[in-house]
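Each in structure tokens, the structures are laid out below.
Two complexes, one shared chain (chain A), two partners (chain B, chain C).
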Partner chain A sequence: MSAILKTSSLSKWFGEVVALNGIDIEIGVGITGILGPNGAGKSTLMNLITGQLSPSKGSLTLFGEQIRNNLGVLRRIGYVPEQDRFWDEVTGYEFVTRLAGLTGMSIRDAKIRSKRVIERVGLADRCHTPIGSYSRGMRQRIKLAQALVHDPDLLLLDEPLTGLDPLGRQETIELLRELADEGRTIVVASHVLHEVESLTSEVILLVRGRILASGEVKSIRAHIENFPHTIHCRSVDAREIGKRVVATPGLIGLDFDDQGVAIKTQDPAAVYAAITDAVVAGGVTLDRLSAADDDLDAVFKYLVR
Partner chain B sequence: MNWQAYLWSSLAAARISGSLLVRKKRILFLGVLVLLPALLPIAVAFLRGPHDRVTSGLELFALLGEYGFLGTLAPLAAILLGTALVGDDLEHGTAPYLLTRAVPRSALVLGKFLAYAAVASLTFLPAMGLTLVSVLVTSPESIEAAPMIRLFAHTFGVIVLALGVYGALCCMLGTLTKRPVIYSVIFVFGWEPLTRLVPGYVDFLTVKKHLLALWPVVTVDRIDHSIDVTRKVIDVGLGEASLILALVALALVGVTTYALRNKEFARGQNLA
Partner chain C sequence: MPVFKQSYPTWRPDRRAGAQRTRVRWLPIVRRELEQLVSQRGFKVLLVVAALPVLVHLLQIYSVNKLAAEPNGDLAAMLRNVAITIDAEFFFGFLHVQTYFVFVLMLYASSGLLCDDIRLNLAEVYFSKPLTKRDYLLGKVVTVVGLGLTYTALPALFLFGAQLMMVPDAEYLRANWWVPLSSLAFALVFVIPTAFATLACSALTSSRRYAAAAVITLLVANGFVATLLSDILNRRSVSIINVPEAMGRVGESLFSVESYIPLGWPWAMAVVVGVAVIGCTVLVHRINRVEAGL
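And then the complex of A and B:
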């Protein structure tokens, strides 16, 4: 498979802060996920790929060419930034049409393509209202529309599913899969493993500016599954909760403190089920239950050690 | 990119900037400000005593233009609108939509600049027209239409040039710095008046000097009563002034383009 995007010892620093350190990656056709916690360097990598930044060291090529100020390459990229920033007074239609015109399209062509791509992302009925009135999901979709309007070969999405409701996520995932089936290369940066996993089997794991792992999601998931999950329960009935979960499969340990209990387990689903049963049956009150992102950071720490 | 595509790109950039400029609150504020000179002739006529020296209509319009539109309002318009042309996109995080597209940076800057020039000029045109009407209505003597129209066209042309040059300066400052309004105010309302106090050619390093050379009513010898100093103004030729202003505007737009090409913008913000 010939690489669309290739980096060689790519590094980027801002003063004393090293955002990326010696990155070597090759990305080809299909969907590739770049997974990493906040501050891992995902957005810096995206900014380098889109030509907004120059490498401090090493090289980065797209379609075999340097990126920065290369109009031929930029024409083939569509970028969906993470920031939720718009010209709020402008309608979705104006937003997409005018950005389309920037690439040298005539007004007529820009209008035709914009209409087509807005329909594709499912915003045809709201495209003539100001973006300031849009929901989070609609704003993500209009961002996607502006990235697609010039029919790019490579689509770069920085945290595209953040803030979306479950229906919005599903619709976006399906759309991205369709776009990949059309032969586009799609790169998705995210800090949520299961979101990346729902899109692709190829993942690059980025932590503190370095590539930690790359390859099939299954192999990375296997690392994570071997790692004990920690579930924090804040409750005055912490001891009672401990009694209810002690017999769940995969339990590793219980750690009580003044506020509740930290449950370490390799089977979080069984623990959640036991806690739910305890709350429903009565006799146990639960103030707060937390896991997920905390665990993800812990996973990264685990893989780093 | 061929010239047609380049033109479409510039036009698209102009349309984006133009539609944003006209929707900003500051354009409303500017629109009110530029109407103020129209009130002065009315005030003068109202307050004038029977034995007061009467200023001719032409002289009054030229004075209002020089001290009002040219000296204060045009630079203010440039500061309000010009600094925001690129600066607002960088500050508000919308720059990635522009900078990650296959658009020549020069087309982007040119389009934005032309949008600013059009919006600013169209804001000043009715205000200056209204001031002219106000002067005509309150003028104690009758004024022929032809010289008045010529004067109006001349002064409006210089105002458009002023908006262009000051606008290019403010746009460049908006691209290069994080506090463009402050630097613009320092230049226009600090540096430029200060140079008039310094003997010699220092005031040639201002935009105003060259604009005043193009202004229709210019006196060669001017005595500045407020500081009790007699200062001979060193003249600059019409052709020279026009050329310098055009070159300065071009250079400033060039610097802005160069900055957009070569500076780094992470998350659409100036890393400088």
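And then the complex of A and C:
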């Protein structure tokens, strides 16, 4: 299977500002997160993917074709922009139907499909009220509906979980996973790490217009040598645990506090083994063991520092 | 480290709707804008008000052809004394009056067409659809031009048809067959530059109020400069740089009406075309700047 989205040395600059610099990515079916702080180039990349910008250098292909001015490819894309201020006076149903019309559907098809997709995003009961009365979460859903109405193969979402309450967030995540399970390619851009992490483990880390890393969070993590892991041990026997792990290879340091000890190491496996041995041997009570920096947040912080 | 996930099945989307794609991609834009306008009370009021001159002129045609033809009666005698003639000048007069109403209507309609999209950043949504910038612009222009023609050329043709139905023979048609063509041409001379100018102002501002104010300011400034130069140079022909005067001059030529401006219609036409070209250039430039985020 070939990549749905492929870029080669993709660069974009605005005057002297380099927004993207030599990006090489390949994205296949499933959910992929594009992660980066504000100004990293995520929106520029999104605009390049939707054909609203032309590359300054390099190439970008979708479904094996150039995207710029290619209406055939644009028909296969659904885009959920970050901003959610639309025509406040129109109803959600009218909003989706009107935008469906822009994809080339007949009015009849647009109405049928709009109704169906609104049901799918869970807005059927409020679709005939004006968008101006919608909550942030409802606006996110109606944006998603307009992007899905023409059954796109590729769904691009810019900050899709921003402003959602926990329930809405969970429902949106489930919906996106369902869509991915149907075989669609979903690209989610966000600067909120835990949002992307809750959606997918496949990420592209973008910083200052360059790709810092790409792939699964764990494999990125594994590839970073010299990246110290911090393991928190919550225990009344913190000093005893400290004694047991102090001789392990790769140990960087021990940081004791009232509740336990934080162990910094380059070889977490050796530390886990030493702690396990200590617990099994007796004399050590362990309340809680947690790896503080196995998540995306820690990887990201480490990479961008 | 490419990002791939190959565990999902290939998705086969339902593409039946795609088979019924409309070829006219700008049509949904026109539809959306008209729906949007018609939902506004102010626009509905303007539509009714702009139809009043049509009714008045229809009444005049009826009066001249039917009531004035009555052999007896005070009303018939009075109408005969008023001496209204349904000729080319009558239709030019109608269109001239109508342009004031239609200008307000077009200004109301077009002032928000682009600035609202810019303010709400809707271009981002529009252009992620299979829609080119040309389609987008065409949709906006067709909306305004269509509206303008519906209230100028269409009623002029309607009035001409009404006149034809009321006259007893074909003599009138033989003598005035060119009037409908002139009406259409004059309507285009008025509507196209007005549409481009008002849309350009809408594209350059972030609010429909500012857009409308910009159009009116330009119009007033244009008239002021034209009058000032005409007075300073003591040449009546300079007033042709006043765009409404230029439009009127072209109309006078189209309807063979005597003009008080001692300058040929091509000069007036050049002014009209100039306004349309400038407006169009501003529009295209502004929409092309969508690439830089508008």
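Some notes on this structure:
Rule of thumb we're sticking to: the second predicted complex is superposed on the first by the 218 of 305 C-alpha atoms of A that agree within 3 Å, B and C clash if a C-alpha of one lies under 4 Å from a C-alpha of the other, contacts with A are read in each partner's own complex, and residues count from 1 in each chain.
The definition used in the following text is that a residue touches a chain if its C-beta (ideal position, glycine included) is under 8 Å from a C-beta of that chain, and two chains touch if they have at least 3 such contacts.
In this text the structure is predicted, and so the values were computed from the model without any measurement.
Placing chain B and chain C on a common chain A by superposition gives a clash between them. Of the two partner chains, both chain B and chain C are touched by A:R98. Counting the residues of chain A that each partner touches, chain B and chain C differ, and the larger count belongs to C.
After overlaying the two complexes on the shared chain, residue contacts for A:E89 are found with chain B and with chain C alike. Contacts of A:A213 after superposition on the shared chain: chain C is touched, whereas chain B is not. When the two complexes are overlaid on their common chain A, residue A:P81 makes contact with chain B and with chain C alike. By the touch criterion stated above, A:P228 is placed in contact with neither chain B nor chain C.
Residue overlap on chain A between its contacts with chain B in one complex and with chain C in the other: 14, 47, 50-54, 69, 71-72, 74-75, 77, 79, 81, 83, 85-87, 89-90, 94, 98-99, 101-106, 146, 150. Those residues of chain B that touch chain A in the complex are listed here as 1, 4-6, 8-9, 11-13, 15-16, 19-20, 23, 92-94, 96-105, 108, 261, 264-268, 271. Partner chain C is touched in their complex by these residues of chain A: 1, 3, 14, 25-32, 47, 50-54, 69, 71-72, 74-75, 77, 79, 81, 83, 85-87, 89-90, 94, 98-99, 101-106, 109, 113, 146, 150-153, 156, 180-184, 202-204, 213-215, 219-220, 223.
On the chain A side of its complex with chain B, the touching residues are 14, 43-44, 47, 50-54, 69, 71-72, 74-75, 77, 79, 81, 83, 85-87, 89-90, 94, 98-107, 110, 146, 150. Those residues of chain C that touch chain A in the shared complex are 1-18, 20-22, 25, 28-29, 31-32, 35-36, 39, 120-122, 124-132, 290-292.
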